[in-house]
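For reference, chains read A, B, C and D in written order, and residue numbers begin at 1 within each chain.
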Amino acid sequence: MIPLLFAAFAAVLVASSLLVILHRNPVTSALFLVLAFCSLAALYLLLGAEFVGMVQVIVYAGAIMVLFLFVIMYLNLGHDVEGGVQTTLRRGLGWVVGAVLVAEGAMLLARGMALGPETPQSPPPPGGNTGAIGLLLYSRYLFPFEITSLVLLVAMVGAIVITRGRTTPAGPARAAAPRAAAPRAAPPATPAAGPPGTEPAGAPAEEVHA
Amino acid sequence: MTGLWIIPALPLAAVALLLLLGDRAGRRGTAWIACGSVGLAFAFALRAVIQLAMLPPDQRALVDTIGTWFRVGDFSADISFLLDPLSAVMVLVVSGVGFLIHVYSTGYMAHEPSFRRFFLYLNLFTFAMLTLVLADNFLLMFVGWEGVGLCSYLLIGFWYQRPAAAEAGKKAFVVNRIGDFGFLLGLFVLFTAGGSLDYQHLFAAAPQRFAGAAGTALVTVATLLLFVGATGKSAQIPLYVWLPDAMEGPTPVSALIHAATMVTAGVYMVARCHVLYQLAPVSLEVVAVIGAATALFAATIGIAQNDIKRVLAYSTVSQLGYMFMACGVGAFSAGIFHLMTHAFFKALLFLGAGSVIHALSDEQDLRRMGGLARPLPWTHATMLIATVAIAGVPPFAGFFSKDEILSRSYLSGHHRIWLAELLGSILTAFYMFRLYILCFRGRPRMSHEVAHHVHESPPSMIVPLVVLAALTTVGGWIGMPLIEGGHPFERWLAPVFENAAVAGLHQESPATEWALIAISVAAALLGIGLAFRAYLRRPEVATALAERFAGLKNLLVHKYWIDEIYGVVFVRPFYAIAGWFWRFWDEVVVDGTVNGVATVVEGASAVLRLFQTGFVGTYALFFALGVAALLLHFLRHP
Amino acid sequence: MPALLANPDAQFVLWALIKIVVILFGLLGVVSYLTFAERKVAGHIQARTGPNRVGPFGLLQPIADVLKLFFKEEFIPAGANKVVFHIAPMLAVIPALVTFSVVPMGPNFTVTDLNVGLLLFLAMSSLGVYSITLAGWSSNNKYALLGGLRSSAQMISYELAMGLSTVGVLMLAGSLSLVDIVHAQQRYWFIVQQPLAFIIFLITAFAETNRAPFDLPEAEAELVAGFHTEYSSMKWGLFFLGEYANMITISSIAVTLFLGGWNGPWLPEPLKFLWYFAKLAALLFFFMWVRWTFPRLRYDQLMQLGWKVLLPLALLNVMVTAVGLWWAVGR
Amino acid sequence: MIPLSWLLLLSAVVFAIGVVGVLVRRNALVIFMSVELMLNAANLAFVAFARHLNSLDGQIVVFFVMTVAAAEVAVGLAIIVNLFRLRETVFVDEVNLLKG
């Protein structure tokens, strides 16, 4: 049963990952990426890492990918246009390198490198390993954990500062009127870098997310 | 016992508070924070000292270890404070006199625009000084030592817009650096040979570690180096030159730093290291001789100076010489006693001088003073007490301490030192009463405009004066001579200096001591009498003498040309060397190297730039190719 | 066939399928009558009688509605992204149904007792954004897009406060399994210890289900019909279904976390599930009551409330709970 | 039980897909998604090793990776939005500001 499920989810994972990079439409790419993440979460569940699996869905599918979708919609991107000799050369090289990487990885695995003997598994605790993860996070990894909060804070501040830009001194006024923060979508894309004040600030979205 | 740390921490907290609050505190708030913190520190110090006094004499040492400061190899330095009878005296003097001077400053600096900066520095100084005296090891003491040096520099140059003040601050800093360097070298020697910088360990182990001829040589070198530091900080020959110039700072600063507390750090340090000094008789001899030379030298210069604060500055140098003489003859407790009484009366003198300067609209020249006894009754009375005290007339504080130094010097067989001290006390009495007479007696010599504005200082300045005057009057009584088994002050310090008790003291008959007392009082009275005769009764005598010995007078007025000699011997050659380094080493060698590197990089980058397309994709491709190559390497060399 | 039935894996799959089917159809039936109930409640609140023509007391009205929806013409706007346009309504229903798999309805009456059940609920509620965002975007209609963006911002904002408000319960119960949480409430319900958390959870629940007074995504007066402006027939029906399914799910979670789940006096063990349904019904009525009583919030008020009031309060609740636990247990 | 090598192979494949995505696509957003794919491939390897070694540390590392990914996406997308405002493009081969 478990190998079967593994195979199924692995297939979904690989297929959707491929579609992420193959599809011309960024929205579709993003949706396939969500699918890939969900199947990855399922794989985590199969591996007995149910907490990580759930967090994977919450963080990646529920937050990060939504942010991606927001930005794609805000930028109102159509299909990507690819073409030209240089592009073709680069794409060809890219595929070759990817194939080489997979081949090398497979060969390394085939030689059994880095694979020690499997540690005997202890039976999973009745309440799952969430409690054990919490204990580890708040004991041995306490310092990295606290630093993590700092990383997030810096990223939040950075994202806000970058998106606000220096063009509008009347920043607060803009932030106070999120109604104006609607991206133009249905009408054909007008220049996004409009005059100050009318900029479709993605501010609420980014602030929400960061 | 815990809680010692709070004594230096309070002024530090005040510094932080003043920095954080900025001008929001206002003048009144600033004054309260600054004075309150030092006052509280004094209260805590008093409490700690009372606790100390409760203990039996042989256990009187309170240690408060806060934590490890740093650890390098097997050497570790603690942040640790020690309160023993010696540091108790120091901490009470520093916080007590410091508090009075803080209060005084609120009045004196009332019209100063940089009011907050002044108190910030003053509090920082108090913190550093308390750290210095309370430290439990040489390293922490060195922190305080450097801290007070820094604050001294900042406060001398407080009016940095005035070139003279800025120069004086720089001079003080540079001269002190020389001394501090010696001090640091001394610490290195002590640590290498003594194995520790902790007072207790070092002093306990010193007799064994420094045994034998080699050990004596080593400890002599170490103590001499430490004494170099002391000459810098405590303004002794040859590094005394900064102190008179330091009078460019505000007067409360002169009183606190350059009279009462910081300049005595050298004396404190020597007393603290008495165990080491007693292992090195040569060093003791040097200390005594340098002290004697400085005392006489500075006293003679003091006679011919016209700036009221400079006279006091040379007087300080001279009195510090007395303290070192006391240490040099082994009478450490007498030196510390004089340190304490000197803190009282010299602070009082400076504060009184400040009051006079304040009253005369910032006039400092004695030649334009006179007759101020009537308009400034409080200042006059307190200044008179202080002058009498420093001259050594009983029953004021200066008499007891100075007499003790004299008698100890004589009784311990240092007769030549005693003679120098005696001569010094005549000179002291003379120049101090010259100052007093020129300032308060005779006819007013200031301009009408200034005379019109003469006014007594506000209560915030008078009250510290009165308190200090009271201390000057009664402060010496705890050192009453001729008491069997030593007087209270000596008994108090006895646990610290137990092995330094002057031998042979108690074998002398009271008659000898009485005679010595009589001689020293007579010397003081002689100096006073001469001053009155030369400057009040018959001023023409002074003029005549000055004309007759014009060469000598010129020499004294120009302070033996010492600054100029230093300039030619040390400063000019130093400038020359520095200039060479600048022109050749810096501009040719260093700059040449840097520019050469830049040229090489420029040439190389012209080639490497071709790889930089600016497209992220290209970079990523190189990156991926690199990873692939790395994996290939692992495949080939598993 | 019997050999297949003996296989434990196959049995597992079979049981799961049976449970899924039961829950699915049960839930769908409840949802359709919930719409009926809503209309009745709205009617009575507005001093009307509500639907009463189809069947006795109008009880067949939901069936008529569904039939109408099925037979209505499907309409896809020009320039729409067809695939996404089709997927979006499905995404509205699926997360709600998935969450229901971990809700304990009675003793030994739950699809699966997952040891990270609460996280599953949070994960699924975080996925709820997609349907609305994608529906708004793929319709190629500016009102739909505005509604979609508004709702995603709203849901993401309130998700934080909701997640944090459950942390207090989590700390008290010491487990992420919803069954364990219900068991932990046998002495008294967590609403007693966590009243603030309950209030925050309720408010955020309104926002997460896009119900009044937080129904900005479909504010008729401003945005025509919000993100589902361009939807018609059963696709629109799916959104409708999703809204009510979400309501049921989130109310179930509220019952489980704060109101003691199936715990209650008097009833014998096998009938305890009735308590669960009674509480659920009460909460659903409360949802409707609020919808027809309160006016809609302005968008900036909504954001202010979410970020400046609810989130700090939820954090405060976590801190107070932690201190309280430390006081009570740690010492 | 799933053998470790399968998981690692899967991780390698997903990682390589991410690499290819970075190399062949010109849309910065898709490149970003490919980076996320690579990060997740690494996460998968971590979880696989956590299971293999029967130690939770691998799962803890996954947390930190997720945190960093979240931070990176927030800042990265902000940069892309700004890029679009300035240049009206998200195609990385139309921007060569890195060239000195």
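Throughout what follows, a contact is a pair of C-beta atoms (placed from the backbone, for glycine too) under 8 Å apart; a residue touches a chain by one contact, two chains touch by 3 or more.
Being a predicted model, the structure only gives us computed values, none of them experimental.
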When you check each chain against chain A and chain C, which touch both of them?
none
Sorted by contact pairs, first entry is A-D
Would you kindly tell me how far, in whole Å, the mean C-alpha position of chain B lies from that of chain A?
66
Can you give the whole-Å distance between the Cα centres of chain C and chain D?
33
Cα centre of chain A to Cα centre of chain D, whole Å, reads 7
Measuring centre to centre with CA averages, how many angstrom lie between chain B and chain C?
78
Chain C: positions in contact with at least two other chains:
none
Can you list every residue of chain D that touches 2 or more other chains, as numbers and ranges?
19, 22-23, 26, 93
Please output the residue numbers of chain A that touch at least 2 other chains, ranges allowed.
51, 55, 63, 90, 93-94, 97-98, 101, 105, 209
So with touch defined the way it is at the top, what topology do the chains form here? Options are line, ring, star, complete, other.
other
Dump the list of chain pairs that touch, please.
A-B, A-C, A-D, B-D
Per the contact definition, I'd like the list of chain A residues that touch chain D in the complex.
2-3, 6, 10, 13-14, 17-18, 20-21, 26, 29-30, 33, 36-37, 40, 43-44, 46-49, 51-52, 55-56, 59-60, 63-64, 67-68, 71-72, 74-75, 77, 80, 82, 87, 90-91, 93-95, 97-99, 101-102, 105-106, 109, 112, 115-116, 118-122, 129, 132-133, 136-137, 141, 144, 148, 151-152, 154-156, 158-160, 162-163, 165, 191-193, 199, 202, 206, 209-210
Residues of chain A defined as touching chain C within the complex:
1, 25, 27-28, 31, 34, 50-51, 53-55, 57-58, 61-63, 66, 69-70, 73, 126-128, 130, 176-179, 182-187, 204-205, 208-209
Complex contacts: residues of chain D adjacent to chain A
1-2, 4-10, 12-27, 29-30, 32-34, 36-37, 40, 43-44, 47-48, 50-57, 59-60, 62-64, 66-75, 77-82, 84-86, 88, 90-91, 93
Note which residues of chain B are touching chain D in the complex, please.
609, 612-617, 619-621, 624, 627
In the complex, the residues of chain C that touch chain A are 9, 12, 79, 81, 83-84, 87, 114-116, 119-120, 122-123, 126-127, 129-130, 133-134, 137, 140-142, 145-146, 149, 152-153, 156-157, 159, 175-177, 180, 299-300, 303
